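Note that subunit A is present in both complexes that follow, paired respectively with subunit B and with subunit C.
== the complex of A and B ==
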């Protein structure tokens, strides 16, 4: 009886914790392109203005991130950027962002392409998948929560842990998650 | 003991020709000169060893990257010799304004030097008659910037060719352009490659008679390789030979007589592949072409099959990773030999082939010598494609040798890459024992001077998806030095007759530059940490070295200036596949970066920085 009394609260606690598990949205509703966050310059004539950062909801979910990791290989992103170190394309695991490191910037980079060799994947990858790839790409430089970040690859050890993990800062201006995924 | 003996018939012919030239009317003389220039290659192949006086008169120019059709990169200029080379001084410099890898050879003709940069492929003409060689003109071909995204291994260009008043150049986005050498005006341009299929062009065109030979790059993008001949006057395609597919596309016809049975049969370019895979099977032609005017044959190699992952393409994958001999006029194939059938490790077969006449077992054979990526120096009968010898010049464990009877490379099954499995220590690594960087041959020493790597690798197959215009590789690679002391490059003198090393210089980084050797018995090459070196061709002793601004991966040349002095020129500017970590600012923490080369070059950024600059040296 005393044994049961000890175990029942433990069991309850266990289920409570389980309830806190992350929710998977199998039909993710990521933010649509928001032009106000797309700034390629740090110079703003007149008053300085901080563009609102976009929130990419997929970044906080281990499932989405691991999907992104898989898609990163399958769409041949790894063919040019390898496992973050770069080669044909620039590295993704370092702190430099040529065309902006906001999730929205990375999304646009994939969709629009960039002039010096980045192909445009417009119409080739569904938006929801692009957001998963964006989340994974940002995870390479430690821009996503560590507990959601994909673990070490079970393939060839290709990547060391980034030296400093940056906790995400969700800004107030991030706005509401958009209501619909833009369909193609 | 066999000795390299070269037949004298051609040199006596050459002397006779010169005597005749002296006595003939100037008008006839100029006409004869032109024809002679076209056929200059093979006569060079017949210099007797150890007879310096018999060296042919050198016009002192350097009109194509390989110097001549035999691809010897040998200059008979001897003002700079192994005694006085220690006094070499910087004569003048020229900044190209481009920061990527400079693999090109400068070209010198009519007292003008022509220098092409990596993308954006700007062509400069420098006036050698004036102090400091000012810019005579500049030609900007304006290639598509997106082409940078389909260049596997930095945005390199391996040089231009000069012929009859025109400079022929290729652009990264797949164009061949003829530029008027006097004015710098465009004569014609032809778009040959499609970047949307992953094609680009990095090789140096070769002019043979009235044709310009050009091949494509993109072996890491699942392209289908080809070599095409353009009419030098109009730029129109005369013939095009694909490296995979049906015989009609490969220009295989009645005259095709490969030496070995595995290369005989109908449509092997289709049947040695899984259904349809030949359409994106690689076999690109991004390396060197040699030409033998006597038989009117051109010789060139084909690149790796696509994808790298060999499990996705069972079969011999013809006609990739091999060498073709073709009729220069029609493009019809004469013979083919496959260095690496069903290539397992990205051993492209595109290296230079040096044409020479060699005495083997008392018999004079017309051969071509090929230091090959798979680790062997091959000697082939250039008329038949028969393998006469194949000797390893580095540590090789991916294969155990070449069966001389069947011509087949004997693979080591333990080193075959597998999907989902990491195979450790495969030697040589993917860039091979030696990559594109061309060697030189001196008829005075009878030695081949080979710049090369000393690398092994781990590799792991992964499934490659074909998406046109994106990489098609399917292999994770990490390279590292083959030796415990960590040296990753070597510069060797090799006796092609004995098939053995005569001397060897260990270099810290891969020797990714070409070589040039002179009648002064001096060999020049550069290192990736920026040393330009003059070495005694007989002993391998370093005579002189000069530290340039950025690592060297270019091809040295030597020429006679308008003042009669001998000059040596080299483009510095680190990059290329080996130097991608610096040229592309790659992150050293990911060893698989740049197809696994980053892992072997993590310390390069501590030794050199970017910067394209031409350096020209002379004696005081």
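== the complex of A and C ==
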């Protein structure tokens, strides 16, 4: 009896742990009501400016990532970037970023547009959806948790782990032939 | 003791009467969403099958209950008699009765066979009905409509041999009375199911696969349809209406729908069009004849002519429309339309424009 009395509350506590439910906020701020906090360029006069490191909370949620994937198709991102391999626009599944690959950089790219073709979606897409797209774009190069990123694509598979950029280096040591480390 | 039993019986009686009244309240008049109020040959087959099942199974249920009560009564009487005979020490408690056991065996066997036979009859009836409602239509002038299920609305594309006469609409399907209709259906996301109880049975819409459904309406009217396969948060609000009308009315409607959107006339409507084209609306909706051509949301070319908005969730009135545009998430949480912040003049102009799209 006493054993049960001690164990039942423990068991209840144990099960209550699983009660935290992922919150989905559907009433996100409308597209036009956006606060301007990010800057387009990192080059500043005067002192060096370190941009705030924005964390994209949607990157950890499978639902948000799959929404981003749908939106990527529907808003026709795939029209230029295809399914990550690039074509008219640059590829998104490698580790090379022209305008930065941090979440805030990708966000900025979508909102502001970039020279040579990337249109600005300012005022057209609500922020919440842009963050979802940003999360999905970064998932293409394997920069989001593997367990959250969408699997089973209809198109070519994107990376599940970030690409390691390894510069080809030639090491010369006495008595050994030169060995080359290839980039992945 | 007897008083408490009396009150128990009284409570039971009043409760069951109330339940019966409540159930009977659902039986009133011709309904716009009822499978026992058939308006076409396919629905009639199904309704006939349903009533056959209902009557025969009710009869079987009553018979079973009567037999059960009778045998309980008989058993009770016999046990009473056995108790009265208890003083007889010579007689053993259980006496083998081979004659009786044989007859019981026969009864059980007969009942089992009868049950199997009835199940077989139901199987045959279901099979015949299934054949009848899914057999291809051998008519000349079948109207073909391509239906696509989206989370959480319906897209209807009226096909035509002449490409310029193909048009797309949403959540409102018009059909001519007395003419067979064939639906070619598929889904863009998850499995949905197309169901207008007055007109036909359910048919699933499966992504990546075409399913066909044939039906016909015999009487003009507006019938409500509903997604019948759970498809996400707003499954319950994924409805549509089928408007069955005369051949002339249908032809007129079709001609009107084929046309591109009407040009805005008043200043307010013109401003509304500009608002539409410069705000997030253009990201998802099509208005044929303008630059808006996205296929994510419902086609709005003739949205002013529709009876409902938001997949038959709200009547298409100015107030509901404006509420939907500004904060659709309060009506259907989770739907794909984001909230919009428009200044009042822009919103009124946009409403003028949308309502003018007849």
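The rule is simple: the second predicted complex is superposed on the first by the 101 of 184 C-alpha atoms of A that agree within 3 Å, B and C clash if a C-alpha of one lies under 4 Å from a C-alpha of the other, contacts with A are read in each partner's own complex, and residues count from 1 in each chain.
Convention: a contact is a pair of C-beta atoms (placed from the backbone, for glycine too) under 8 Å apart; a residue touches a chain by one contact, two chains touch by 3 or more.
No experiment lies behind these values; they were computed from the predicted model shown.
Peer 1: Kindly classify A:75 by the partners it touches after superposition: subunit B alone (first), subunit C alone (second), both, or neither?
Peer 2: both
Peer 1: Which chain, subunit B or subunit C, ends up touching more residues of subunit A in the combined arrangement?
Peer 2: Looking at subunit A, the partner in contact with more of its residues is B.
Peer 1: By the touch definition at the top of the document, which applies to A:156: first (subunit B), second (subunit C), both, or neither?
Peer 2: Touch status of A:156: first partner only.
Peer 1: Considering only the touch criterion stated at the top, classify A:123 as touching first (subunit B), second (subunit C), both, or neither.
Peer 2: Touch partner of A:123: subunit C, not subunit B.
Peer 1: Going by the contact rule set out at the top, does A:115 touch subunit B (first), subunit C (second), both, or neither?
Peer 2: first
Peer 1: Just subunit B (first), just subunit C (second), both, or neither: which does A:5 touch?
Peer 2: neither
Peer 1: One more residue to check, A:91. First (subunit B), second (subunit C), both or neither?
Peer 2: first
Peer 1: Going by the contact definition given at the top, which residues of subunit A touch subunit B in one complex and subunit C in the other?
Peer 2: Comparing the two interfaces on subunit A, one with subunit B and one with subunit C, the shared residues are 74-75, 124.
Peer 1: Which subunit A residues qualify as touching subunit B in the complex?
Peer 2: Answer in residue numbers: 73-76, 79-80, 82-91, 93-94, 96, 113, 115-119, 124, 155-156, 158-160, 162.
Peer 1: Note which residues of subunit A are touching subunit C in the complex, please.
Peer 2: Spelled out, the residues of subunit A in touch with subunit C are 24, 26-33, 70, 74-75, 123-126, 128-129.
Peer 1: Taking the complex as given, what residues does subunit B use to touch subunit A?
Peer 2: Residues 145-152, 220, 420, 422, 458, 460, 462, 465, 467, 469-473, 476, 478, 580, 584-595, 598 of subunit B touch subunit A in their complex.
Peer 1: In the complex of these two chains, what residues of subunit C are touching subunit A?
Peer 2: 189, 279-280, 282-284, 294, 296, 327, 329-330, 333-335, 338-342
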